[in-house]
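Data first, discussion second: the structure below is written as structure tokens.
Should a chain be cited, it is by its letter among A, B, C and D, assigned in written order, with residues numbered from 1 in that chain.
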């Protein structure tokens, strides 16, 4: 299906359920898609950071995209991450995910290499020139160690290179510059990836949100989105605060024992497992799994947020 | 051929010559191998950062490894980088390069994700457990944004997980800790990737060097290595200083216009082209090419170092 | 006068006007205080980053505090920064500014040294234990290179060590954690220093704002604060966007020629000079002054925002 | 006394002994000076990072400088750090330490503010223009968060602005560029602050070293310096390795409980106390003191290095 122009609303970055031996758990993935679709989300984003794309082999990435595209079956647009270091490698992923039916690709700045803004611009232009589907920029400095300058995003948007931005930088002021600067550009989608300030992003004019936590509580984010659209800011804030409380589950994993990815993705998957959506909470190697006690802590956050 | 234990001497990270349309230039690559072998280097390292591994597709990586392995034809051991974000993806590269005949794999810490030292250790243990050839750790914080702690390297070395370290951190004090700490571990190779302080690294006990600049002047590095082994520190220093002067070619590219990778790799390839070793100085996308004027500046550095 | 508990509203970080030979320009500083007071601001913050505290000698700091305290004359509370590297040096500044009449002190985490969260906590506890006036934490990672963890701020707030937080981290999600977590703590002030998202900060419950740009347009920020308090979010957003447009003046200075402090403080002072509030736009050494052309660019932003 | 031109040999950054209530312990400081002078060091550097300058009040800084200058009594040149954020504040320290008799000042790049290389250059030029004694640049990125570019140091050296460089960056390749680039500049001193690679620095042509660990074992560093000057690289390496083993005392403090400054300075002072040089091992606030057990660990490193 063609990507809505602009894409709005809640577009969860879909977790990738794994079996105990770290294969893609296709039945669980289908159930997760149903879980999200039933809540009324507006699109699905596969192979993002929350999907553990960095940990999936090319074969697994293909399987994930095919599974989600075929199971979504046109009900929802499917965006696919093409996360890799540089242009030639990203282009291979573009070929793979569009062959598998993705409706848009989500592209980060180059990483591993030492990059210059001129090279970042060149990267997006080359990828867009070769992609059969729209390109959405993925600003995630914590992963790629450069921040996409707002001016660059707007320049590429004005030139038709970018159809949107997923902003996971946490820098709301810079995101605002893109939101206000792109107002005249019909079809450009400014999406926030910051799950704790979705109300703020929508209030300043964002088109939608791509919150990792929406795997666990898609109904909450759909509700939040609707309250914001209705201008009911007081209840929106209350809903957002409930979700912020739920997000604290990502602090269950002991930082002395594991990294931030292990703790956040481990908690999301533990919660999906506890909620009965997926069969196994395993995360990909070399992430450290949550302990029994840490998983019980996740359960408490679910209960406190009314998800039991 | 089995990896020498320990591997010593000069092991250049082999540049990947490209055609004007960015395909691997196999004839030029073979000539580059001959150029290095003729100088008397002790091994070849393909698919490292200097090889533009981050820019090569999987197909190109395979072609490079096969070409170099078959052309080296047992004359020299071939180490292959398996640069990717996490364990499962790295393991796919291990399968590919060992199928193509690599004698060892060179593995970085995970990147893109937010990692913990415990996860880095787990990563190396898992890769080593599945690799049919020895594993050499690649410490390159400028690319992966974490530094391999010396204590961790020594622990993994003592456990037989690591057969060596290529240190591109620029932190000579930490490297020294590995060198002195691994003295009792027979077969462990401590290799420096810092081309400007090879004399210092060898003086404190390093086994060898993996200098990117050795593509341009392999004779110089082989000479330097021999002077150091002979304890002729005065002439070693003079040779190293000549190579430092040559290295300034990496400053020819205007930093206002390009990133550090473009400038360094662009200069090495321009020099190889000017020396008649490779047919085309092109670097992979999205790197910015050197201008005509910048290439002339590279030529001047070659001339100043006596390479014309 | 005692610090309001909680302090709310607009508390500009007061610029420090300088003479052409870099002495504190007392008459201009008094006019600036009047300019801010006339707009209806709720407090004054001297010796913050916007005040060029990092550039002022101890003698100049004393003169600034005395001038503003005596000219405010009890009309407005005066907060004073005590920016220095560690506890003993900060305590000397606490003595100086409270002798000069400051109603509260604003304290950063230690810098220059390599600090641990336990040491940061110890620092605030020691300073608060010796300060005769309330202590407000100043979270400014861009300057001190550590972020105050929300949990630490809340722990110190609960223990009565901190009377408030000025958040200049740009991390709205972490700020929100402090805002919601401190709701039960009567008297604690959560203030945002992020001038481009004041509406968002107030919407999620912040008590007030400390916007550097309020030097140039205090009326705008007072208006914005009132619209937010009235729940008129649509007009608040429009006012905030006008101020975001005005803030672009900080991009007038050429980043190839000067650092971020020079550009931002140079623009604010150029604007104050153009508006007739201060006599001279000089910034302290070693900052690079704006050129004539760059100053004209600032004038255009003033005109575009209706300030002429 | 005039600063030797160039200054060569071992110039310890002198620790600042404190009493249990954190006052400068003048008798201990005098004993420390004697301890260093007796070992044959070539100069004394007060108010550096190892001296806890960041923690000393202006009054304490003055007392330290006066004490060391008067006790050195012309036997040794005394360099003094003037560590502060920007030019005007640094100039006040220049006035203070030269009034107290310092023979040279040691100046970092500006910090706390966001600086540009042009501003760093301006800073050094302004300070040198007003200093009655020679200016030595202090490159310490871990503290000030910018690296002094080698080209800038050489430009300022050629212009007579800088009389030397103390390099605490750990970047031996960049330091080498300064060493070789300044060879023609008579009187310029290139000093390394990296205590674990003094042999390497001297081998490539450095004039001397400023090792914090020389407080604990000045005889070792003097011996090392003489072996290097004599070209006895083998014995120099052995001596350096013994000192590297001793330096491990800085790892005695638990990193889960304290920062790097606390651990390093705490260990140096514990060792000086254990060796009977100073009366009390206290470090300045808010540093965390070593535990009894950690202090015993320091004692073991002293014993292992033959210092009992």
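Everything that follows uses one rule, which is that a residue touches a chain if its C-beta (ideal position, glycine included) is under 8 Å from a C-beta of that chain, and two chains touch if they have at least 3 such contacts.
The UniProt protein names, listed by chain, are A, B, C, D = Dihydrodipicolinate synthase family protein.
This one's a predicted model, so the numbers in the text were calculated from it and none came from an experiment.
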Completion exercise
Check: interface with higher C-beta contact count, B-D vs C-D, is C-D
Practice task
Could you tell me the distance, in whole angstrom, between the mean C-alpha positions of subunit B and subunit C?
Solution key: 49
Practice task
Round to the nearest whole Å and give the separation of the Cα centres of subunit C and subunit D.
Solution key: 35
Fill in the blank from the handout: Listed by label, touching pairs are A-B, A-C, B-D, C-D
Fill in the blank from the handout: Touching subunit C in the complex, subunit A uses residues 170-173, 176-177, 180, 194, 196-197, 199-200, 203-205, 231, 233, 237, 240-241, 244
Handout entry: Partner subunit C, residues of subunit D touching it in the complex
Key = 22, 49, 54-58, 60, 83, 85-89, 92, 110-116, 118-120, 122-123, 126, 142-145, 255, 257-262, 284-288
